[in-house]
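Structures incoming, each one as C-alpha cells.
In what comes next, chain A is part of two complexes: it sits with chain B in the first one and with chain C in the second one.
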Partner chain A sequence: MSRSAENFWDKVYREKTVLSLSSVLGFLALWHLATDILGLMPAIVLPSPEKVFFTIYEKILAPVGEEKLFGHIGVSLVRILVGVGIALGLAIPLGILMGWYEDLDSMASPIIEVLRPIPPIAWIPLAILWFGIGLGSKVFIIAIGVFFPTLINTYIGVKFVDPLLIKAAQTLGAKDKDILWEVVVPASVPLIVAGVRIGVGLGMMCLVAAELVAASTGLGYLIMLGGDDLKPELSITGMILIGILGLLADRVILRFERRVIYWKKE
Partner chain B sequence: MLAVVSVISVIGVWFLLTSVFRVIPPAFLPPPQNIVTDFLRILGTPYVGHTLIGHTLVSLQIVLGGFFSAILIGIPLGVLMGWFKRIEAIVDPLFQLLRPIPPLAWIPLSLLWFGIGIQSKIFVIWLSAFVPCVINSYTGIRLTEPLLVKAALGLGVKNQRDLLREVAIPSALPIILGGVRIGLGAAWMTLVAAELLASDAGLGYMMQMARRALEPSVIILGMLVIGILGALMARGLRMLEKWVCPWVKEEEH
Partner chain C sequence: MNEEQRPDKLSARNVSVMYEKDDTSFLAVDDVSMTIQEGEFVVIVGPSGCGKTTFMNTFAGLVRPAKGKVYMDGEEITGPSAERGVVFQQFALFPWKTVSENIEFGLKYRGIPKEQRDEIVKKYVQLIKLEGFEKSYPHELSGGMKQRVAIARVYANRPQVLLMDEPFGALDAQTRTIMQEDLSGMFLTEKRTVLFITHSVDEAIYLGDRVVIMTARPGKIKKIIPITRENLIPDRRQMRYDDVVNLKEFLELKADIWGLIKAEILEKHIL
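Up next is the complex of A and B:
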C-alpha cells in the first residue's frame, strides 16, 4: 500500500470514530433536550436520561416490589440458567442420537417438525395452566426457546459430519461407538455451540415475555411495572439491564466456544 | 413409514391417556378430539368477541403491517449503511446500543406511548423485524465480492448508483432475504407476546382468555393456528427466495 493510501485510511478511520462518538453523544443530547430542556415529552411518556441513570442508582438500594435491583437480576438469572440447563441437557443428547440413528430420526423428526413452528412464547398460556405462575412455567418456556435451535444444530452437525473423517476412523479400526464419540461429536461442536448461542438469545426473549405476562419479580416484571405505574424510567432500567445480561451471556458462550474448539481459527 | 407410525402413536397415546384411562384431567391436557370439536365450534360462532377467523385476521393484519413496514424501512437503511461509510459510522453505534434489548421488552413502553390499540403492537413488531432486516442488508452489502466490483468497474460501470444497483444489491440479495425470514419469525413471536399482554382481539388474546376460562383446547388451537400460519409464510418466503435468486443452491435448514 502506498503512503498516500495509508494516510487516506488513517483519515477514514479517524473520521469514523468521530462520527460514531458524536452520533451517540448527539442521541443523548437530543434525548436530554427533548425531555428536560424543551419539555416536549412529559416525564410519564419519556423520562430524561439522567432520570433513568438515577433510577438505576436508586433501585440498587431501595426495593422495587419484593426485591432490590440485584435481587431482580438474580431471580432472572436463576430462571434463565435453569431453563438453559434443562434444554441443553435434553436437546444435545437427543440431537446427537437423532443425527446418528436413522430410525430414531425418522420417528422423532415429524413430531419435532410439528412443534417447531410454534413460537415458544405461544406456550405461555399453557405453561401457566400446567405449572402455575412460579418458577416452573418460566423455566418451561425458556427451555422450549433454547431447545429447538440447539436440537436442530446438533442434529445437523452430527448428520453432516465430513464422511471422510468417518472413513478415516474406520480405516484406522475404530468401532462405531468410538467413531460417534471420538470423531462425530467433536467435529460437530462448532455447530452445536452456534445452536446454543441462537437458543440462549431466544431464551432471553422468552424470559422477558414470561416475566412480562406473569411474575412479581425479575427484570421483565420491572419493565412491566414501569408501564403499569407510569414510571417509564423503571421500564428503561429493566430494558438496559436485560440488554446487558444478553450481551454477557453471548460473551460467555463465545469464550467457551474459543476454549473448546481451539483448533478452529477465527 | 416410521414417520406416520410415530405421529399416529403419539396421538394414540394422547387419546388413551386423556380419554380412555383418564390419567390426565381435561383441564390440564384435553383429549385430541376436543381440539377438533372446539375448532368446529369457534370457526362459526364467536369466542371472546370474534370467530377463529376473525381473531386470525386481526393478528395477521398486525403482523403484516409491522413486518412490511420493517422491510420497507429496514432494507434501504441497511443497504445505505453497508454502502456509505459515513452513514454506517453514524447509525451503527446507535444500532449497537439498542440491539441487545429484546424487542419484546419494548411492549410496556410502547403501550405507554401508543395506547393498547393496534399502533403499539405494530410498533413492537416493526422493531422486531426491523433489526434483522437492517443487519442482514448491511452484512450482505459489506460482503459483496470485491472481484465483482472490480469486474464491473473494468467493464465500464461508471457511477456508484449503477454499481450498487447492478452488483452489490443482487449479490447481497440472498443474505437480505435471510434477514427478512428471521424478521418474520421475530414478528410472530412478538405478536403473540403483545397480544397476550394487552389486546381485545387476536389469537394471543383468544389464548389468554382461554387460559382464564381453563379451556386448554382453545389454547392449543391458537398455538396450532399460529404455528401453521408462521410455517406457511416462511414457506412462501423460501419460494420467493428461490424465484428471486435462482442461483443460490438449496441449503440445509
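Up next is the complex of A and C:
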C-alpha cells in the first residue's frame, strides 16, 4: 500500500474514532441533562452519570454486601469461565460424535430436541436443589445456556461438511477415522466457533439470571441489591460492568476465531 | 510397441447406474462396457448431463452401479482406493491446508516417512511450477494454481490410475492451454493409466489415445475413436497445443467427433 493510501485510512480511522467517542459523550451529556440539569427523573429513579461513576470509583475497594466491587466482578468471572469451560468440554465432542455417527445421532437427538427449547432459567429451582446456592448452581445454569447453541452448531458443522472434501480424502487413501479428524473436524471449526460465540452470549444472560435469583455475590446480585436498597446507581453499575464483560468476551472469541480460521476468505 | 498386448487396467461390464432425484430415479448410465489398458489415456466426451461423471465415479468407487460390475486388474471395485486417484472438477483442495500439506495428504496414509514425503512434495511443487507458494493457502491461489495443486496431490500419491473429471473446465483459455501441455508432458514422463472427462473436443483429441463419445440421457457409448493406435495424429504430445489444433488431421477428426455429438444433441432435443 502506498504512503498516501495509508494516511487516507489513518484519517478515516481517526474520524471513526472521533465519531464513536463523540456519540458516547453525547449520550452521557443527554443523561446528565435529563437528571442533574432538568431533573426530569428524580435521583432515586435514575441517578446521574456522575453518581454512577462515583459509585464505581468508591466501591472498587469498599465492600458492597459480602464483597468489594472487584470481588463481585471476580466471582462472576469465575462462574462464567467454569460454566463455559464445562459446556464446551461436553458440547463440542458430543456434537462431533453425533454429527459423524448416525446411530448416536438417532439415540441422542430425541432427548436433546426436548431439552433444548427449555429456557435455561427454568432449570434454576432444580439447580439449587441439586447443587445448593453456591458456585455449582450458577455454573450449571450457565453451562446449560452455552451447551445447546454450541452443540447444535458443532453438529451442523460436522453434518454438512462439503461431501466433495470427504470424497477427495477417500480417494487419497484416508480411512474413516482419519477423515473425521483430518477433514471433518477442521472443516467444521468455523461453525463451531460461531456456536461458541452465540453460546457465550447466552451464558452471560444465564449468569445474571442465576445471580438475580440465588446469590449474595456477583454482578447479578449487585443489580438486584440496587433495586432492593433503592440504590439504582448500584444496579446501573452492575449493568455497565456486565456489558463490558460481555463485550470483552465477544472480542476474545473474535480474536480466537480469526486465528483459527485464517484459511477462510474474508 | 504393440498396443494390443497390454493388459486391461480398468474394465466395466454392462454397467448401469440409477440416479435418484426428487423421489424419482433416472437411468444415468445404460449398460456400458469398456476396457482401459495399462498406460492408456482415454478421454470421454459427450453432451452435458450424459452421465460421464457418474460413469467415472463407478471406477473411483464413489458410486455403486445398479447393474453390472467395474474391475481394476480383474478385481471388482467396491469402494474408493488410493490406487485410483481422482482430480475433481471443483479442485476439492483442503482449504485449511497449505499447498505442501495438500500435496502431502495422501502420502501419510501410505506410511511414507516424513523426510521422504518432504522430498516428494518438493518434486511436485517444482513440477507444477509453484515454488514460493508452498506455504500458501488455497484461497490465496488463482484457479489455475489450485487446479495444478489438485493434480499434483493426486500425482504425488502415485495411484495406478488417474481419473480426471473436467479438470480444466474452470480455467480460462490461456491457463487451460498451459495445463493441457503440462499434463501431456507429465503423462509422457510419468506414464500412468488415465481416464479423462471433458466437453472440449479439442482437448479430447490432443490428450487422448482413444476418444469415447457418449450419448445423452441415458449415457451409452456411441463411438470409440482410436487416435494413437491408428496413428491419426503422430507425435502430438511433443508438440505445442496451438500447433496441433491447426493440423489438417486434427481438424478432420474434430469435425467427425463434433458431428457425432451434434447429432446426439439434436436427436435428444437437449439444448
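Keep in mind that, in the parts below, the second predicted complex is superposed on the first by the 239 of 266 C-alpha atoms of A that agree within 3 Å, B and C clash if a C-alpha of one lies under 4 Å from a C-alpha of the other, contacts with A are read in each partner's own complex, and residues count from 1 in each chain.
Convention: a contact is a pair of C-beta atoms (placed from the backbone, for glycine too) under 8 Å apart; a residue touches a chain by one contact, two chains touch by 3 or more.
Every value quoted in this text rests on a predicted model; they were computed, and no experiment measured them.
The superposition on chain A brings chain B alongside chain C with room for both. Within the superposed three-chain model, A:Leu151 lies out of touch with both chain B and chain C [touch as defined at top]. In the superposition on chain A, A:Ile223 contacts chain B only, with no contact to chain C. Of the two partner chains placed by the overlay, only chain C lies in contact with A:Leu172; chain B stays clear of it.
In the superposed pair of complexes, A:Trp263 makes contact with chain C only, with no contact to chain B. When the two structures are aligned on the shared chain, A:Val213 is found in touch with chain B, with no touch to chain C. In the superposition on chain A, no contact is made by A:Val64 with either chain B or chain C. Shared-chain residue A:Ile92: touches no atom of chain B or chain C.
Measured by the number of chain A residues touched, the leading partner among chain B and chain C is B.
Shortest separation of chain B and chain C in the overlay equals 15 Å (C-alpha atoms, whole Å). Shared contact residues of chain A with chain B and chain C: none.
By the touch criterion given at the top, residues 1-7, 10, 27-28, 85-86, 88-94, 97, 100-109, 111-113, 185, 188-189, 192-193, 196-197, 204, 207-208, 210-211, 214, 216, 219-220, 222-224, 226-228, 230-231, 234, 252 of chain B touch chain A in their complex. Within the complex formed with chain C, the residues of chain A that make contact are 162, 164-165, 167-175, 178, 182-183, 186-187, 189, 261-265.
Residue ranges of chain A in contact with chain B, taken from their complex: 12, 15-16, 19-21, 23-24, 27, 44-46, 103, 106-111, 114-115, 117-126, 128-130, 156, 160, 204-205, 208-209, 212-213, 220, 223-224, 226-228, 230, 232, 235-236, 238-240, 242-244, 246-247. Put simply, chain C touches chain A in their complex at residues 60-62, 79-82, 84-86, 88, 90, 92-97, 105-106, 109-110, 137-139, 153-154, 157.
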